[in-house]
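Below are two complexes that have chain A in common, paired first with chain B and then with chain C.
Moving on, here comes the complex of A and B:
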């Protein structure tokens, strides 16, 4: 096996194992920190897929931003609330969780089906790209490509997201205002 | 196989460099603080007290590792390692001389920016894992401060990247001296491509980058939790902040991370703004000072000297200015530095379009 393949299986294993631990543990804070391992292993998988920009962005946004914000919310809430949340009744699998189990199993079947149906080894567009030599080498600089595409082909989704973020900002500013000062 | 062996040697080399720098840094910090406060500093161990930090680290290695009974054991034990590794991984993309860089990544600066933000997570881990009110308060303050100051620092970096048109630190470095492939203009009008020296540094190529540099420097002080931004470990309020409960080698790792972080942020500042490994001496007529003093050995010398200079300024500031209050800290970040950084980015765009 080549080194890349070993690394791929290693990263996938870490990602899946840590995700399972994050879902099953009862200690909420630990689950968040293990989620960090999952995200980091995913970033590693992106690097193996030559999507280094996506990998670094994943670390910036999820690890540096979202995870820290979750932890913040966590540490600002009182210990009593957290204790109540952590004392879930029953085991990991129980009859009360039947709808959740059904839903997740159904989704899992759909995903497996998609992977098998897609037949990733003989996709026509991948073969065309290889024939036309339209492929990426590990040393290529991809940022220019991403930038140009964001500003031309994907301009509308890009602007839509920026408006969504602006709305979130306005909402946050409104919520954090002092009560009583009507304006 | 030799290929991978080189990587290991480079990694071990960088680690021993940061450990050595921490030893030297603590000694320098003590001597500089003593000079500023009109004291003598360490004098007993070795000549001029030069072996004091070595004695300290020997003491720390021998100490017992205490885990508080109520602590979350795993988080508590892993936190110092996460804090240090986050900083240490940042060193991978920093160029030391022409052609000498541990890892050639074309996303260099973006990668460093991402990997440093993991330190916040380590600090929160330490704070929560200790199960101590002071630790958690220190960790919260530290995380709030680092997240806020990443914004002006990020925009200051973007304004350089817009001028340099590359995220690869080696490319940014090469543009600021006689080895540059493209034309360099001092303050936008005087062609200094063959003159080099300090004229071709980024802060003089586009003078608004001086403001960006000051913004970056202030923000980097906050990101490495140095005074006047050291409220996460304010001794008078929080005992020692997030590392209150750590003993022995774990405490040493937290300290090592702090000093490595000082060197890392200073070196990024040097590479982006102050000419990286390029010589400060210009070519004058037939006296080719810049060409003579550019090369592998010279590069390492210049980058180290400039970085140590910035580290010295950090220490000078620490022992001169009093600590900020939380509200002053946030006011400075959001009402002064962030708008200024935005203006710098705007000017960078105009500069690139019309003057380069």
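Moving on, here comes the complex of A and C:
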């Protein structure tokens, strides 16, 4: 078993285990902090998929931005939410959670069936890419290629998403303004 | 070498965990974490397939777009959650049941 494979199993185990823990714990703070671990492990998985730039972006935006934002919202929403959270009764496998577990397990079975039937490694375009040497090798540096593509081939989606991001940020700032301070 | 199927199975597990969180949690912030998990599962798939597109980098670039979209979603969702908390003093989506103002 090669080192890459060992690392893949390690990273995916950490990601899945921490995601399951975040889903099962009743403590909101613990859930948020365990989600940190999931995101870091996912960044590791992106590196193993030879997408180092996406991995760094994941760490910067998700871990640095989104999670800090979630923590802020949690802390701004006061102590009462925390108290409500602590007195939620019932275990992980309580009867109220049973429909949700059934739904996700059924969906998982369907997804696994689809994945096995799809047989992604033998798709024609994947085989073509391998034959034409269109795959990313582990020692390639893709960042300059990503930059050039972003500014030429994907310029329209790039501009569209920049406008969307601007609108979302203005909207969020407007929504979270205090009621009394209308200027 | 790691195959595409391995990545897809990991992402399927993450997706189902996120689905479970969205359906079962009584707390808007944990539902948001579930949505983030689902988005990350999708990004993992895109990145895994992007390995076979060296010239155009389609998978990786759209993974970057998805990360930016997730940031925008989170900002707006958290602003909404803060407002809801201010009005209802709770962030349990099951107890937010009035459409009009008081």
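Everything that follows uses one rule, which is that the second predicted complex is superposed on the first by the 153 of 183 C-alpha atoms of A that agree within 3 Å, B and C clash if a C-alpha of one lies under 4 Å from a C-alpha of the other, contacts with A are read in each partner's own complex, and residues count from 1 in each chain.
One rule holds for everything that comes next: a contact is a pair of C-beta atoms (placed from the backbone, for glycine too) under 8 Å apart; a residue touches a chain by one contact, two chains touch by 3 or more.
Computed from a predicted model, the values in this text were never measured in an experiment.
What does the overlay on chain A give for chain B and chain C, a clash or a fit?
fit
Between chain B (first) and chain C (second), which does A:66 come into contact with in this model arrangement: first, second, both, or neither?
second
Check whether A:139 is in contact with chain B, with chain C, with both or with neither, and answer first, second, both or neither.
first
For A:53 in the superposed arrangement: first (chain B), second (chain C), both or neither?
both
For A:33, using the defined touch cut-off, is the partner it touches chain B, chain C, both, or neither? Pick first, second, both or neither.
first
Of the two partners chain B and chain C, indicate the one touching more residues belonging to chain A.
Ranking chain B and chain C by residues of chain A touched puts C first.
Could you tell me if A:104 is touching chain B, chain C, both of them or neither one (first, second, both, neither)?
A:104: touches chain C, not chain B.
Pick out the closest CA atoms of chain B and chain C after fitting on chain A and give their distance in Å.
The answer is 14 Å, the least C-alpha separation in the overlay.
Identify the overlap between the chain B-contacting and the chain C-contacting residues of chain A.
53, 57, 65, 72, 76
Of all residues in chain C, which touch chain A in the complex?
For chain C paired with chain A, touching residues are 1-10, 12-21, 23-24, 26-27, 29-30, 32-34, 36-37, 40, 43-44, 47-57, 59-65, 67-76, 78-83, 85-86, 89-92.
Using the touch definition up top, name the residues of chain B that touch chain A in the complex.
Residue positions touching the partner: 72, 74-75, 105-107, 110-111, 113-115, 117-118, 120-121, 124-125, 127-128, 136, 139-140, 143-144, 147, 150, 167-168.
So in the complex, the part of chain A that touches chain C is made up of which residues?
2, 4-5, 8, 12, 15-16, 19-20, 22-23, 28, 31-32, 35, 38-39, 42, 45-46, 48-51, 53-54, 57-58, 61-62, 65-66, 69-70, 72-74, 76-78, 80-81, 84-85, 88, 96-97, 99-101, 103-105, 107-108, 111-112, 115-116, 118-121, 125-126, 129-130, 133-136, 140, 142, 145-146, 149-150, 153-154, 157-158, 161, 164-165, 168-169, 171-173, 175-176, 179
Residue numbers of chain A touching chain B in their complex, please.
Counting only chain A, the residues touching chain B are 27, 29-30, 33, 36, 52-53, 56-57, 59-60, 63-65, 67-68, 71-72, 75-76, 139, 141, 143.
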